Amino acid sequence: MLHWAFDSLLGLSLLWLAWRALTSPDLFKAIVLFISFGLLMSLAWVRLGAPDVALAEAAIGAGLTGALLLAALARLESIGEAGRQKGSIGETGAHDR
Amino acid sequence: MTLIDVFSAVLLIAGGVFFLAGTLGLLRFPDVYTRLHALTKADNVGLGLVIAGLAVQAQSWATMGKLLLIWGLVLLAGASISHLIASRALQRGIRPWRR
Amino acid sequence: MQTLYFALALFLLLNLVAGMWRVLRGPTVADRMLAAQLFGTTSVAILLLLAQAENVAALRDVALVFALLAAVTAVAFVRRAWTDPETKHDAN
Amino acid sequence: MNRIADKGWSLDSVIPYFRSGCLRAVAFALIWWMLTTGAVGSWLVGVPMVLIATLVSLVLVPTILWSPSGVALFVPFFVWRSLYGGVDVAWRAFHPSLPIAPGLIEYPLRLSPGLPRVFMVNTVSLLPGTLSAELRADCLKVHVLDTRKNVLSELMVVEQAVARMFATSLKNAERGDCNEQI
């Protein structure tokens, strides 16, 4: 019963996270959602009985790719800043305060 | 249930309460800095209690050591990250919330 | 004991899902990053509980990697993604 | 070992390296033992790794002064205070009216720069109600969860404990650098 609840909650939040990450217009939010997705995906691999895949998913999926995406976003923003005064690419994150 | 089981269960449940406090703090506190307070302290204490609860059940000394190593790493990472984020937030000019 | 481990793991997962609200809501980028940080710590606890419940020692290694990688992403965030000099959006 | 070779091989200059090298090798071996949970076969890789880690750490951070009694006093102090910190912040998060009054204060550091200072900054973030926000020159900006409490005396106690652990003395505080703008 508890296994069931745990697994279905995990699966549902994975689907929901994937959907939000794909549809989010705010790039930074999408990246953070992707990182959380990687963490939960790793938990899902654990539940599927594959700790080695979980290890790879945590290291590559959540950690490395997350860091690379963040660096890429910073690069995108600086290109956007240099190319124009006010535009659309650079407007992520901090904006909606 | 043996005495050790009861002791470990108490520690685990207390750890869960601290995790709940961390999440509540993250949701309720008004700005970045106060949320950092909630995260670093409540979560690290929560993880510490959970790890203590598991460590008293550990089969070997090495496993216990590994659990403590994980706690130490999370502690170190949490403290330095919260300092990094807070200092960068100050640099960026995010004002602390005042009542 | 097994039941307690699983119940607690489920409870922590619920906490994690509740923290998702902060990722969606913001308001600043740092808030979103903080929430991801919370996920890291919580998943470490969940993994350790599962390791004990199912008696799989390898899960402790996964937890160790989680503990290390939370730091990597957060440092990448502070050093790279949060460096643009304009402060006017946040300064109000 | 390059650093040692540069300075010449007098016995006096080698002995402290040798001592901290041995200590660190033991510490790294302990970590390896924990990581592999005591698997005997892993020492084939483990022994070279421990030696390499020791050499690299000696080149990067030559010597750290620390006192065992200071560490023995610091650990229970830290565990107790951080537990209290968790209870404190949990109570505030659970309380319906959210009893917080946050603010920034500046604390003039008396610790010597380098490792003791970094250690202090990290410790402060885990203690009740304080979060180190910015370290500049001799001044530590601390974000406080409740400004109605006396945080300064607490910080002084922490600083004293850290100084005792690293076997250094505190210099006199110069308030010139702090208090300029809050």
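In this document, chain identifiers A, B, C and D correspond to the written order of the chains, with residue numbering beginning at 1 in each.
Criterion: a contact is a pair of C-beta atoms (placed from the backbone, for glycine too) under 8 Å apart; a residue touches a chain by one contact, two chains touch by 3 or more.
The chain list, named the UniProt way, goes like this: B = Multicomponent Na+:H+ antiporter subunit G; C = Multicomponent Na+:H+ antiporter subunit F; D = Multicomponent Na+:H+ antiporter subunit E.
This is a predicted model, so every value here is computed, not measured.
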Next item on the list: Using the contact definition stated above, find the chains touching both chain A and chain B.
Entry: C
Notebook entry, point to check: What chain is the most remote from chain B, judged by the mean position of CA atoms in each chain?
Noted result: A
Notebook entry, point to check: How many Å are there between the centre of chain B and the centre of chain D, using C-alpha atoms for each centre?
Noted result: 18
Check: If you average the Cα atoms of chain A and of chain D to get two centres, how far apart are those centres in Å?
Finding: 33
Notebook entry, point to check: How many angstrom between the C-alpha centroids of chain C and chain B?
Noted result: 11
Next item on the list: Please report how many Å separate the Cα centroid of chain C from that of chain D, as a whole number.
Entry: 24
Margin query: Two-or-more-chain contact residues of chain D, please, as numbers and ranges.
Written below: 35, 37
Next item on the list: Find every residue in chain B that makes contact with two or more other chains and list them.
Entry: 22, 36, 44, 46, 63, 66, 69, 78, 80, 89
Checklist line | For chain C, residues contacting two or more additional chains | finding: 16, 28, 33, 35, 57, 64, 68, 90
Note to self: Which residues of chain C touch chain B once you look at their complex with the stated criterion?
What the structure shows: 1, 4-5, 8, 11-12, 15-16, 18-19, 21-22, 28, 30-31, 33-35, 37-38, 41-42, 44-45, 48-49, 52, 57, 60, 63-64, 67-68, 70-71, 74-75, 78, 82, 87, 90-91
Next item on the list: Name, in rising order, each residue of chain D that touches chain B in their complex.
Entry: 30-31, 33-38, 82-83, 85-90, 92-94, 98, 100-104, 121-123, 125-126, 128-129, 131-135, 141, 143, 145
Item checked: chain C to chain A touching residues, read off their complex -> 3, 6-7, 9-10, 13-14, 16-17, 20, 23-24, 26-29, 32-33, 35-36, 39-40, 43, 46-47, 50, 56, 58-59, 61-62, 65-66, 68-69, 72-73, 76-77, 80-81, 83-84, 89-90, 92
Next item on the list: Over in the complex, which chain A residues touch chain C? Could you list them?
Entry: 2-3, 5-6, 9-10, 13, 17, 20, 28-29, 32-33, 35-36, 39-40, 42-43, 46-47, 51-52, 54-55, 58-59, 62-64, 66-67, 70-71, 73-74, 77-78, 81, 90, 92-97
Next item on the list: Would you tell me which residues of chain B are touching chain C in their complex?
Entry: 1, 5, 8-9, 12-13, 15-16, 19-20, 22-23, 26-27, 32, 35-36, 39, 43-44, 46-47, 50-51, 54, 57, 63, 66-67, 69-70, 73-74, 77-78, 80-81, 84-85, 88-89, 92-95
